[in-house]
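Heads up, the next two complexes both have subunit A, just with different partners, subunit B and then subunit C.
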Partner chain A sequence: MSIVFWFISAITIAGALFAVILKNTVHCALALTVAFAGLALLFLGLDAQFAGFTEIMVYIGAVAILVVFAILLTRGSETPKGSVYSRYSLTGLVAAAGVFAVFGWTVLESARSFPNVQETPSATAKEIGYALVGRYVLPLEIVALLLTVATIGAVIVAMHEKEGK
Partner chain B sequence: MTPLTAHLLVAALLFSIGLAGALTRRNAILVLIGIELMLNAANLNFIAFWRYGPHPEALTGMMFAIFSIAVAAAEAAVGLGLVIAIHRHLHSTDLDQMNRMKG
Partner chain C sequence: MFATLDQIFIILRNLVLGYLPEVVRPYVSVVLSVVCIVAVFPGLFALTTVFERKGIARIQNRLGPNRVGPFGLLQPIADGIKSLTKEDIVPTTANGAIHFLAPLVLVVAVFMGFAVLPMGRNMVLVDMDCALLFYFAMGASSELAVFMAGWSSRNKYSLLGAMRAVAQMISYEVILLLSGLAVVMISGSLSLTKIVEAQNVYTGWFPHWFIFTPWGLAGFVMYAIAATAETNRSPFDLPEGESELVAGYHTEYSGFKFALFFLGEYLAMFSISGLGATLFLGGWSAPFSFLSWVPSWIWFFSKLMLSIFVFIWMRGTLPRLRQDQLMNFAWKFVLPFTLYNLMVTALWRFMGDGWERWVACTALVIAGYVLLGRISMRREHFGPRSYRYAE
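Presenting the complex of A and B:
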């Protein structure tokens, strides 16, 4: 593997780690943006240009901004006085470490049987567009409906309730 | 180490970090951040298998990743809306205080 891949991976994992362990919620959101940017670069390194730029637009452009808005609206930017970790954090940490151990072991055990096609696949925006309105048109419509419902639902859930209803 | 193995290991580490964040933090927004990281690790797996697997011209992994990104965006919108609604109710985003289902 090239040095570029390891460098981008290190940035991504460092961003994810800081997004999880930092105390101040705003700093967490910024670290999360770094992790998303690293992931987009990883996608670009995998010759998936469309997915990489979608990642930048959707995650950095929308999700990270949504997280920042939620932090501002909930006054989460104030660093809490007590611990930022829950009561069951040790159990959670052990569970996450166990999951990583199982994943890592599985990947390394089955590494010999993985496919390893070297030639660069072509996935231009044109081909993806044809696939989206051809073979994948039903999932596309369902996702469009889901996004509409989710957006309306999010607005209704977060809308101010009338006093006394 | 083949490129696919390296990508899968990075994705596994990213997933575990997200899981640790979702399970250990008290703030509901940070739990959502952990869930987003886990979804992104899955996307990395899809793209890596698409790139190094046979028949990339079918675009299966790519499509799965794109739809997964769309669903994750919907999830983020609804999740953060819920956090804001709960904050209006409890004046807190501390998950340890959310121990009643009664309104």
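Presenting the complex of A and C:
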């Protein structure tokens, strides 16, 4: 378990790092895909099949494809000549470190905040389904509405307006 | 006797495992199953290429391959030797690593799908709880391989072909998922073995396959359309429309890498047919109760080859669609109808066991089909078209 865990973690972190430091944007997108795949494997390592496969389907099947499509359609696929680091890289680094610190702190504290949660919770697809349309139905509906609004908004922004109308 | 024949592969595997020490058994068991899958399906692929070329030739009033071996049956071996010995050409401007990785990623992602398909009673490599989700996750990853191939070749035909392929695969993947969802709603499980078991029930002679219900028939037709588009088969083979794009995303591949793309395409066809058979055609269950003695894997592979035959038949019969027709068809007809079919399925689920649900659901499916078709055709006018990106 632990060797596999460290191996997958290394791949995930390497993918995420390369997504930031590579010059060619398409290479960055593909490196990001590696990071997504690593995350999915980590979920699977925790026996969370539903989360793992959803991660692959949504992030590799949809998000990564969307990213590469956006890169190609906006002609951003040419490799920049000079340095890819912006002047604000230091500020970005500090912000990223701050966010990471908050996340890390939350994860480390969670064990103390929820002492009653059992060590290995079971999460079958069925239970997740019942939870989604049962207890968490309101958040689900709000997210669905938000996504619909976002989709319609995107279509309206991108709509091709005909002349003379 | 027939029970032994039905479980012959399991018995053989256990026989081999019996000679090995306890520690390595689970590993060897997995390796044996994987080797079987990796051997059987490419073998089937070799057979299918001859079958397809013969079939298409018959439809076009030709003879097809008839020089290598009896009736041209050894043609795939000749093709294999040819593609192995051909020079592997990589364009100088191509992106080496990605160009190399793309066919591998494609074939691996396609092979993964076979891991969850139940090919007979007790014959499934991994019987997991989220099998259907796993299958679609692997299908989604093969899209990225297509993109990698097209982009890394540095060829405008490749890139255009890849863009077309990915756009098409994303659009039809939604339909594939939603038509599969109807089955999940009825059987109440994402596990493919449980879905097959739910259909392996007989009333008199007749099985309870999902295709024999109104929602199942509609779902199956939508699934078949989406599966054809997902595997880039004719009439949805625009990504490799040879009159426009040379060969689409694998234009710049030669030798064995090209053969791998070819293999990937056919394997995707097998696996998607297998999934269709599992979801709607009862997987490995027999079509009549008095035929249950025939080994289950024979039924699975018969259904699979029957779907392949239909694929070939359609390829020989239908002309290729245009890109805008393809997209309009997906988003304006198939997707709304599949969503509508989901609601009919929900109604079927909650109407109880009586005959009323047969009448109601059949009427609803037919009415929905006719109305949707009429409404979407009403504003259709056949005048000059405007191309947004090609003017």
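The definition used in the following text is that the second predicted complex is superposed on the first by the 126 of 165 C-alpha atoms of A that agree within 3 Å, B and C clash if a C-alpha of one lies under 4 Å from a C-alpha of the other, contacts with A are read in each partner's own complex, and residues count from 1 in each chain.
Throughout what follows, a residue touches a chain if its C-beta (ideal position, glycine included) is under 8 Å from a C-beta of that chain, and two chains touch if they have at least 3 such contacts.
Note that the coordinates shown come from a computational prediction; the quantities given were computed from them, not determined experimentally.
Student: On subunit A, which partner's contacts cover more residues, subunit B's or subunit C's?
Tutor: B
Student: Looking at A:A62 after the superposition, I want to know if it touches subunit B, subunit C, both of them or none. Which is it: first, second, both, neither?
Tutor: both
Student: Check the residue A:A19 against both partner chains and state whether it touches subunit B (first), subunit C (second), both, or neither.
Tutor: Touch status of A:A19: first partner only.
Student: On the A-aligned overlay, A:F50 touches which partner chain: subunit B = first, subunit C = second, or both, or neither?
Tutor: A:F50 contacts both subunit B and subunit C.
Student: Just subunit B (first), just subunit C (second), both, or neither: which does A:V133 touch?
Tutor: A:V133 contacts neither subunit B nor subunit C.
Student: So, does A:I3 touch the first partner subunit B, the second partner subunit C, both, or neither?
Tutor: In the superposition, A:I3 touches no partner, neither subunit B nor subunit C.
Student: Please work out whether A:F103 is in contact with subunit B alone, subunit C alone, both, or neither, and reply first, second, both or neither.
Tutor: First partner only.
Student: Between subunit B (first) and subunit C (second), which, if any, makes contact with A:L30: first, second, both or neither?
Tutor: second
Student: Would you sort A:A150 into first (subunit B), second (subunit C), both or neither based on which partner it touches?
Tutor: The answer is first: A:A150 touches subunit B but not subunit C.
Student: Classify the contacts of A:S89 with the two partner chains as first (subunit B alone), second (subunit C alone), both, or neither.
Tutor: The first partner, subunit B, only.
Student: For subunit A, which residues lie in the overlap of the subunit B contacts and the subunit C contacts?
Tutor: The answer is residues 50, 54, 62, 69, 160 of subunit A.
Student: Using the touch definition from the top, list the residues of subunit B that touch subunit A in their complex.
Tutor: Where subunit B meets subunit A, its residues are 1-10, 12-27, 29-30, 32-34, 36-37, 40, 43-44, 47-48, 50-54, 56-57, 59, 62-63, 65-67, 69-78, 80-85, 87-88, 93-96.
Student: Considering only the defined contacts, which subunit C positions touch subunit A in the complex?
Tutor: 98, 128-130, 133-134, 136-141, 143-144, 147-148, 151, 159, 163, 166, 170, 173, 189-190, 388
Student: What residues on subunit A touch subunit C, complex-wise?
Tutor: Against subunit C, subunit A makes touches at 26-27, 30, 33, 49-50, 53-54, 56-57, 60-62, 64-65, 68-69, 72, 77, 124-126, 160.
Student: Within their complex, state which residues of subunit A touch subunit B.
Tutor: By the definition above, subunit A touches subunit B via 1, 5, 9, 12-13, 16-17, 19-20, 25, 28-29, 32, 35-36, 39, 42-43, 46-48, 50-51, 54-55, 58-59, 62-63, 66-67, 69-71, 73-74, 76, 80, 83-89, 91-93, 95-97, 99-100, 103-104, 107-108, 111, 114-117, 121-123, 127-128, 131-132, 136, 139, 143, 146-147, 150-151, 153-155, 157-158, 160-161.
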